[in-house]
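Notes for the one structure printed next.
For reference, chains read A, B and C in written order, and residue numbers begin at 1 within each chain.
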Amino acid sequence: MENGNYTPLFNLDSFERKPRFTNGFFQRDVLSVDQFSKDDLDYIFARADEMQAMSRKWGTCDLLKGYTLACVFYEPSTRTSSSFIAAMERLGGKVIPITEGIQYSSVSKGESLIDSMITLEQYCDVIVLRHPEIGSSSTAAKYVKVPIINAGDGAGEHPTQALLDLYTIKSELGTIDGLRISMAGDLRYGRTVHSLTKLLTKYDVSLRYVSPDTLRLPLELMNTLIDKKMDVREFSRVEEVIENTDVLYVTRIQKERFTDLAQYDEVKGYFNIDAELMQKAKEKMIVMHPLPRVGEIAYAIDKDPRAAYFRQVQNGLYIRMALLAAVLGQA
Amino acid sequence: MENGNYTPLFNLDSFERKPRFTNGFFQRDVLSVDQFSKDDLDYIFARADEMQAMSRKWGTCDLLKGYTLACVFYEPSTRTSSSFIAAMERLGGKVIPITEGIQYSSVSKGESLIDSMITLEQYCDVIVLRHPEIGSSSTAAKYVKVPIINAGDGAGEHPTQALLDLYTIKSELGTIDGLRISMAGDLRYGRTVHSLTKLLTKYDVSLRYVSPDTLRLPLELMNTLIDKKMDVREFSRVEEVIENTDVLYVTRIQKERFTDLAQYDEVKGYFNIDAELMQKAKEKMIVMHPLPRVGEIAYAIDKDPRAAYFRQVQNGLYIRMALLAAVLGQA
Amino acid sequence: MENGNYTPLFNLDSFERKPRFTNGFFQRDVLSVDQFSKDDLDYIFARADEMQAMSRKWGTCDLLKGYTLACVFYEPSTRTSSSFIAAMERLGGKVIPITEGIQYSSVSKGESLIDSMITLEQYCDVIVLRHPEIGSSSTAAKYVKVPIINAGDGAGEHPTQALLDLYTIKSELGTIDGLRISMAGDLRYGRTVHSLTKLLTKYDVSLRYVSPDTLRLPLELMNTLIDKKMDVREFSRVEEVIENTDVLYVTRIQKERFTDLAQYDEVKGYFNIDAELMQKAKEKMIVMHPLPRVGEIAYAIDKDPRAAYFRQVQNGLYIRMALLAAVLGQA
C-alpha cells in the first residue's frame, strides 16, 4: 500500500449540491395539516402536477440526485412506505428503508426514539417517520436538524394522506370551492376524515357527515366547523346525501379501534356503496377511500369512472414527490 | 412562497420514455411455463446471454432507467427476491421491495390481494409476485394493467425457475436436443421438476426419473409424457442412470410437504451425490439443483467442474434481467 | 417475435469496469482489526476524509457505479445495516438488502450459511455479513470469492466499529499518539472496547479502564497490554480519571449478556456522565459511545461540543464508504 500521497478520488471543485428554492418549504418539517396555508397547498399541488407529468413521460428523473431519505416505519404500513420509497426513487434520490426488525433492534436495547432519529440523521438528508405514538414526529423534529415528514403518528396526524386527498378532489373536479363533500364511515376514529376536514375549512365547501350513532364526528371538531360557520350537517344514511354530493369520501370501520367487538359487529357492514347507490349519484361525483376497504365499496364499482380511489393512491406518489423535493430545496 | 407562476422543474420536451421492442413479450405477464413457445425460449435465452456479457463487463447499465419494479413477497424467499432485486438494479431500474410485515400490514386489516396489487400498480411499471396460493398471480394479472411476473404461487408454478433451469442446460452443454436428462429426488411435490419437465417436452430429449416409491412423478404428468411419445423411464436409484446421463437434476426432499413425518424420515437421505457416484458419471455431465440442498449433494462435489448449481443460481439473474427488460419493451 | 438475429441491446466495446487500485485492499476480506497495519489505517482514514468531503459537497457520487453489495443481516442491527446501505448508495453502488425473514427462509429449509453465501455471491461484488456466531465471517470468506466485510459475528469482532472509533479520535483531536484514553462501562463483554484496545496498541497512548469489579477487562487482553508495556491502569470510578482524559469512551452495560439479572441490577446506573462530571473534564476532551446508550450519558450533554458520539456515528458512514471502495479496487 502506498503511503502518504494517494491519488485523489474526486475532483470536488467541479460541482456543489445546492438548494434551488430556499423560501417556503426548504428545510421545513411536515408534521401537521395545520401548518399549510392555502398558498402552501396551491404550491404543493402545482408541484405535484409537474411530478405527475414527469412520471408519465420519463418515469424517473435526477431532481434529488445527491440526496438520501431514511424511511423509518415503527409500525408496518406497506401502502405508505411504498409510496414514499417510490417517490424518492422516482426523483433520483437514495433510500435507506428501515422497517422490519426495528422493534427487536436498538429500541429493544433501550434506545430512545430521539437517539435513533439523531443517529439516522447522520446518514441522510430527510427522514420520513411512522410511529404509533401521538406527537412522536413533532418530538423528533425538535431534536433533529434534517426535515422530518410525519407519515402517521398513531391516533395523531397523517398529513400527507390529507394532502393527497385534497389534491385528488382538485385534480378530479378542477376545483375545491363550491363542492358538496360527504364523508361516510367511521368519523369518530377515522384520522383521515379529521385531517381532511381541517384542510377543507380553508375552502368554501358544504360538508355532510354520515355515520352510525356510535361513530359520529368528535364534538370538538364539529364545534370548530360550527364556529367557522361552515355549511355542515350530519346524517345516518348515505342514501340521504348521495344525490347532491360531489365527493363521497368513504372510510373503513376500523376493527382495531374497538375494545368491544360486539359494538364493531353492530356497525360493520353499515355501508355498502354499490351499483344501485351509484345510480342515484351525480354523473361527475367521485368516490374516494383512503384504503384498505373491507366491504364498504363493492368491487363492481371499480370499473365505474367515478371510482377515484386508485387514482387517489397514485396522487399520493405525486404529493410525496412534491413534498420531498420542496423540503430539500429542489421544488 | 411565490404564488401562481412557479419556475418549472422539468423540461419535458427533451425526452420521452418509450418501449423499444413492442412485439413479443411487451406488456405480457409471465405466469406459467406453458405460455412459452420454443421461439420465445430462444429469444429470452439470447437476451440472457447479452445480460451475462453486460454484467461481466459493466456490472450495471441504464437499460431500464425510468422503470420501477414492485417486488412483492407474501412468503419469504431470499434467493428469489434477491435475484429479482439484483436483476432490476443491474438494469438501472428502481425497486420497491415489499416483503416484511406484509402479513401484519394491510392484509391483516382485511385487504384483498387484488386491492393490494392495484394499489401497488399505481407506483410501478411491473410487479413480481410471490404468494402461497395457487393461481394468485393469474388472478392478480386479470385485474392489474402492468405486467405480473409469477415468482412462485404455492404448489402452482415458478416459471422463472424453470426458465433458468433450461437456460443452464443450454449454456452449459450448448444444446438441449439429444440430451439424456435425469431428475432425482422428490418428483411428486417438486414444483421445479414439474415445470422443467413441461418445458422439456418441447425438445428431443430422453427423460429419466429417479425417486423413492412414495415420491414418483404424478400420474398426469407421466401420462402427458407418454402421450407425447417422449423417451421416458422411471428408476429408484441414481446409480442405475448415472453412466449415460448428461444432466443430473437433483431436488431436495421437501420436509414441509409431508404431513406424516415418519414418511419423511424414511426417504430423507435417500440420495447422496458424492465423489464415488461422480466417478461413474460422464466427463461432460452437469449436476443441477434448485437449492437449498439438505444433504443430497456432498459439499466435496462443489469443486467438481461438473457441479453447475451455483452457476445455475447466477443464470437466474440473467434470465430475470431478460424477462424484466422484455415485458417492459426494452429487450 | 423475430427469430435469430435480434437487435443487440448493448455496445459492450464502449467501456469496461475495472479496478483502479489493485494493491493493498483490493479483493481483501475485512474480518478482524488484527489484519490492519498502521499504514492500512492511515490509508483508510485518508480515504474516509475524502468520503466526508465528497458527501458534504455532492451527497452522492458514481465511484462504485456498476458494483452491487449484498448486505446480509442474520440478526437485526438497524444502525450498522443502515450505515452500510447508506455508504454503498452514496457511492453510486447497488444494494441487495437481506435482513428480514432470513431465519424463516432458506435457513429454515436447512440451508447452510456457506450455501447461502455462495448463492448470494452469484448476484453481487461484495458481501457485508452480520451473523450471531463467532467466526461466521471468516468461515464464509473461505468459501466465497467476493470480499466479505464482517459487520459483527456475535461475541467475536466488529472491525468497522473499531475503525470508526479510532478514526473519530483522529478526526476530532488531530492525532492518536500522546493521548490519554479512558474507557468506562462494561469492559468485560463490550466487544467495541476489546477491538478498539487492540487497535490502540499500535499507538503511543495511555489507557485507563474504568468499570465495576464484575465487568473488568478480560485477563488475556490486560496481559497483552502489559506485555506490550502499554501505559495502562484500572479504576472503578470515572471521577478518578476524568481530569486528565483526552478521550472518554463510554459503553452500555449490556443487559442481554447477563444470565443473573440481579447482577445486572447491581451495576446498571453505575455510570452517569452528566454536566457536573463534564465540568471537571478538559476543554478539548471528547466523549464517545458506540450507542445505543441506556442512561450512561445524560441527554443534557448532547449539546456540549465535547459530545462526539453522533459525529462518531457519521464517521462510520465514511469509514464504510472507504472500505467498500477499497475492497472493490476503487480507492
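Definition applied: a residue touches a chain if its C-beta (ideal position, glycine included) is under 8 Å from a C-beta of that chain, and two chains touch if they have at least 3 such contacts.
As the structure is a computational prediction, the values presented were derived from the model and not from experiment.
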{"item": "Residue-number overlap at the chain B/chain C interface, same or different (half cut)", "value": "different"}
{"item": "Rotational angle, Cα trace of chain A fitted to chain C, multiple of 5°", "value": "120"}
{"item": "Chain centre separation in whole Å, for chain C relative to chain B (CA means)", "value": "37"}
{"item": "Multi-partner residues of chain B (each touching 2 or more other chains)", "value": "97, 99-101"}
{"item": "Residues on chain A engaged by chain C in the complex (per definition of touch)", "value": "1-3, 6-10, 12, 15-17, 65-68, 70, 94-102, 104-106, 109-111, 114-116, 118-120, 122-125"}
{"item": "Touch list for chain B against partner chain C, complex", "value": "21, 23-25, 39-40, 42-43, 46-47, 50, 53-54, 57-61, 63, 76-79, 82-83, 85-86, 89-90, 97, 99-101, 252, 254-256, 291-295, 299, 302, 310-311, 313-314, 316-317, 325, 330-331"}
